[in-house]
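Each chain carries a letter (A, B, C and D) given by its place in the written order, and its residues are counted from 1.
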Amino acid sequence: MGKVLEAAGVSKRFLGLQALKEVTLHLEEGEILAVIGPNGAGKSTLLNLLSGLIKPDQGRILFLGQDITHLPPEARTHLGLGRAFQIVQPFPELTVRENLLVGALFGKPGTSRKEGEAWVEEVLRLTGLQSRSEALAGDLTLLEDKRLELARALATRPKVLLLDEVMAGLRPKEAEEAVALVKQIRETGVSILFIEHVMPVVRTLADRVVVLDYGEVIAEGTYQEVAQDPRVREAYLGRRA
Amino acid sequence: MKGFGHFPLILLSLVLFALLPFLPFGVWQAFLLDVGFFVLLFTALALSWDLVARTGQLSLAHGAFFGLGAYSAGLLAPQLGTLPALLLGALTAGAGALVLGSVTLRLHGLYFAIASLAFSEVLRTLALKLPFTGGPIGLPVPPPFAGAWPLATYYLSFGVLLLATALSLWAERSPFRLAQAATRQSEAVARVLGVRVVQVKLWSLLLGSLVAGLAGGVYGMKTLFLSPYDAFSLGRAVEALVIPIFGGLYTTLGPLVGGVVLVSLEQALRLWIKEGYLVVYGAILILVILFLPRGLVGILGRRRG
Amino acid sequence: MELLLQTLLNGILMSGIYALVATGLALSLGVVGIVNFAHGEFLMMGAFLSYLLFAFRGMDPLLSLGLAFLAAFVVGALTYQGLIRPVLRAAELNQMLLTFGLSILLQNLALLLFGADTRVVAPPYQATTLSLGPFFLGVVPFGAFLLSLAILLMLQVFLTRSRFGLAMRAVSQNRLAPGLLGIEADKVYLLAFGLAAALAGVAGVMLSVMLYASPTVGFVFTLKSFAIVALAGLGNLKGVVPAALVLAMAEALVSTYLPGGGGLVEAVFFLVLFLALVGRAWRKA
Amino acid sequence: MGKVVGFLVLLAGLAWAQVPLKVGVILPLSGASAVSGKAALNGIQLAADEANAAGKVRLELVVVDDGTDPAKAVPAFTKLMTVDKVDIVIGGLASGVTFALSGPVKQYGPLFLVIGAASSVVEQAFEGYPLFFHYHPWDYHNVAAALQFFQYLNREHGAKKVAILYEDGPFGSAGIGVYKQQLEKLGYQVQAEPFKAGSGQFTAILTRFRAFAPDILYWIGYDVDALPIATQARQVGLRPKLIYGAPPSWPIGFEKNPLSNDIAGMTAWLPTVANAESRRFVEAYRKKYGEVTEEYMAPMGYTILKSLALAAEKTGSADKNRIAEALAGLKMPTPFGLLSFKPSDTGRTKYQGFGSEIWFQFQYLQGSRRPVFPKEVATRPLRYPGEYYLR
């Protein structure tokens, strides 16, 4: 197993606020890595940096050994780095199928229309959205929206998938389904880095956990390991008190 | 992709326009041809606006593209002849669009609209001040093909509409439509899904401006005279935006229907109501928005996007 | 040096009325979320009201100010109730076409009623001028500037002190999802739109004294107000005054110091705007 | 209103009317030139009434709106030619629109009686067209008339410096180069600045002019600029001895504004002009419309239709070529003085009605406009310097 995605000493400031401070972490091939941390710890900033929506002030980002620090998001997607958003953002005026087709056709340059459409069929089946494929994305329920978000990222045929709190707002039963879906995606050979608030999800899903606090990595290890870490307990409990 | 359903309707209207000079309208023939000329031209302009708007760029610079095309073609026609002049006019407009587009890539919605408006105002002043444009007095333009063929302007105008329709249909029925729609609805998401947003926006603006520039060139050859206030008119840019909203946004049929109805309606109202006809025109715009939020084509079906 | 100071003075005086008109536009944009192309027509109504009262009742435009405020407020509120409220949830472009249609309708209604002629009022103080040493100060532009400032200050107090004002600011800073449009928000919108129109109405009265009344008097000001509002940041009320100042100064300096500058004023105005918008967008990223 | 129908038919009550004549009228009834266009139409309709009442001809007017916009004017003109089938057209008020009509006019070949379109660019466009009758003076006539006044001011009043404000559209910019050159030839020092019509902002330019201390502040613009210039000149402390302007029309109510006092301007006609034709026109106009017009385009329209009716009477035919022939030989008293056609000064067109002689200078004096120059028409002496200087 090798590192598929790596952040090396990445820092980012917003208007004087240190959002990330020399963060170094990596994702192994075939792994499911969770990044957790209290609100404002810099999790979303990290994801935006990895997917290229913002540029770091310092540090480098490597993908499959290639330096992608200065690549725009679409180029990263073309290399195989997919992403799903926390706040679901489907294209409301397109149908579910068309939403997926965007990812399928543009996620990998050179995909023919036929290949793209075939792949969309497969993603629809995998994510259980077949019956809704002709519905406008603006008309979906929250659960369907979440599925679409995942499906669309999947449609770009990523080697690595970044998931931003895809379970947020789901009922436990629904979250269970989603967890199963993510596991299924990993089975197809996709490595996954996800951000999550819901701890049971982290426990059942993550092979490894990285904890962020105030923009810094404060702990790393299995769920059990980090759960025992005094700094992590302080970060979570100390703030709640 | 979608849009097949309306194709026969689009084809039918195009055929009708192609045959218009040969239909038996009696004494109204010549008048209808003149009205038809402007209907075709402004409809093409509206389609070219829609083509750009599909990426979320609300252009108020279409008056500028129109003016760039009109002036370039008008200045070059005496030396180069009609068709090369029109072509170069379109290319000038395209060059202007690329300049505008590349610096305004990060502006969205109303910010883009106002920046493009500013661009247009600055260019108008240039046309007013540059030494070779005829300045405020204006620029005479020769008729196409030295006036040899009376129907030339009409068919040139038809050609512009044909081009605009073809481009729009292509964009609507190829994956480009998805790229445009994704870009419009969320640029960040589109990029993360692999859409080359910068290219999509610039291409759309380029295609739209080429058509607008071509329309401007043909306009000058019809009116035989250009002045900065007319050629770079803000009113024309606004009309280019009003027609698609009126007809139905982000489709080929919408601007087509909207242009034919609205431009003819204006001519007709002016002829029959005369004083104050624009009051009625304004009221119609309001009523359409209130009761047909998807524009005229909203009557035909519920889809858009 | 004298010329420079006089030029700056000219710029400052002009910025007051720009800010007043643009603030109205920013209110309807920031609070209600409507791009109102008919804003200039509210201004035109104020100008005509002032002219009509002057021509037929001999009323001093100063007295028309309050009346124009109320009348424009009512027209604005009615416009909101009848036309804007039904399209609050519609696409932005639809809203724009609606207000554009309204603008055409009102402008041409005025044309039908009053003709295209330019009309002027003649209060006794129209050209009265104070001279302070080497500097000259027109009483009307100065008064209009002070009045604009006073109105904007009152608006500021209203926005920061009153319950309604606070609600208005809350809405403008965090626009409610359309689905959450409650009765409270509805009232806020109504008030904001009425206020926006009222500000334009008052500005119209001032302009009837400084310039003229005609069906198209509002056009230039709508255009410049959009520029100012964009420079300030759409819907950002606080930015309006500085933005108005920047653009008014740019105009004054260009037309004073650039040869042939009078013909370039608009171009420079829009060039400044263009560079500012573009520059800001690239810097932010 | 009867006007709701697309055209207006005026029928003489006299059944034995001899020459029926259908006349197309294409004027800006909307858009930028609507004020002048409506005034012209009023004059034309008045003259048509009179001619029909006299009973020797029967005129039928077909009126269309050119919208001050080439895109609207061209179809409207075509409709006149092909649907209404008129052979004679009165129109051509705005220069740009008239230019756009040059193509269709040459195509259909009507007798074209042009009411405005002073730009000599239009003259070039109609060069060689045989049925082109241009009543209004050309721009070079306007320049000549104004220069005559400037010469007088220089000679009699010792004026030496002119500051010119000109709007940057075709109206203000057309003759500006010639003006500057000619004024300097007359011995003037000249400073000229463009402005945008309707912006109402002159303080900056006027402030700059202060250092130049002009004797004459000359503005070439529109009615919208009249009052702002008068007030802002005072507000920046500019004290010219004469404020002189040449807009196509003046604001309504301007004469009642004390700030208009002593402002001078150029026009071709005033309702107070003392010739018999003008008095008759004013009387008839008042009777038909219940008011007095201040727009010179009203008597201009009146004059054109009068001359046409007269020519038709003389030939007793509706044939455009014969009417044109009769027009060419016509000598007719009008509110502007005697009308007769001669080749234009440049020789480009054959039938030019009025020249610089119809222009005269007036001054706002105690609430009304009075002719002050040249001497032959002056009813009051020119007040120089004006009160804006004496203040």
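Everything that follows uses one rule, which is that a contact is a pair of C-beta atoms (placed from the backbone, for glycine too) under 8 Å apart; a residue touches a chain by one contact, two chains touch by 3 or more.
Predicted model, so just to flag it, every value in this text is computed and none were measured.
Q: With contacts defined as at the top, give the pair, A-B or C-D, that has more of them.
A: C-D
Q: Centroid from C-alpha atoms only, then distance chain A to chain B, rounded to Å. What do you get?
A: Computed from C-alpha means, the inter-chain centre distance equals 42 Å.
Q: From the C-alpha centre of chain C to that of chain D, how far is it in Å?
A: Using C-alpha averages as centres, the distance is 35 Å.
Q: How many angstrom between the C-alpha centroids of chain C and chain A?
A: Centre-to-centre distance between chain A and chain C: 47 Å.
Q: In whole angstrom, what separates the CA-based centres of chain A and chain D?
A: Result: the chain centres lie 74 Å from each other.
Q: Indicate the residues of chain C shared as contacts by at least two other chains.
A: Counting only residues that touch two or more other chains, chain C contributes 111, 263, 266.
Q: Quick check on chain B: which residues sit in contact with 2+ other chains?
A: Chain B, residues with two or more chain partners: 128, 275, 277-278.
Q: What are the residue numbers in chain D that touch two or more other chains?
A: In chain D, residues 30, 168 touch at least two other chains, as defined above.
Q: Take each protein chain as a node, join two nodes whenever their chains touch, and name the resulting shape: line, ring, star, complete or other.
A: Shape of the chain contacts: other, as it matches none of the listed patterns.
Q: Which chains touch which?
A: The complete list of chain pairs in contact reads A-B, B-C, B-D, C-D.
Q: Spell out the part of chain D that touches chain B in their complex, as residue ranges.
A: Within the complex, chain D contacts chain B at residues 3-6, 29-30, 64-65, 67, 69-72, 74-76, 78-79, 81-83, 85, 95-96, 99-100, 102-103, 107, 119, 121, 124-125, 168-170, 172-174.
Q: Under the touch definition given earlier, write down the residues of chain C that touch chain B in their complex.
A: 35, 83, 86-87, 90-98, 100-109, 111-112, 223, 226-227, 230, 234, 263-264, 266-267, 270-271, 273-274, 277-278, 281-282, 284-285
Q: Under the definition above, what is the set of chain B residues touching chain C in their complex?
A: Against chain C, the touching part of chain B is residues 53, 58, 103-104, 106-107, 109-111, 114-115, 117-119, 121-122, 124-126, 128-129, 234, 238, 241-242, 245-246, 249, 275-279, 281-286, 288-290, 293.
Q: Which residues of chain C touch chain D in their complex?
A: 3, 6-7, 10, 13-14, 55, 111, 115-122, 124, 126-127, 129, 131, 136-138, 140-141, 207, 210-212, 214, 216, 220, 251-252, 254-256, 260-263, 265-266
Q: Enumerate the contact residues on chain B facing chain D in the complex.
A: Touch residues, chain B against chain D: 27-31, 33-35, 37-38, 42, 128, 135-138, 140, 143, 147, 150, 219, 222-225, 227, 229-230, 267, 270-275, 277-278.
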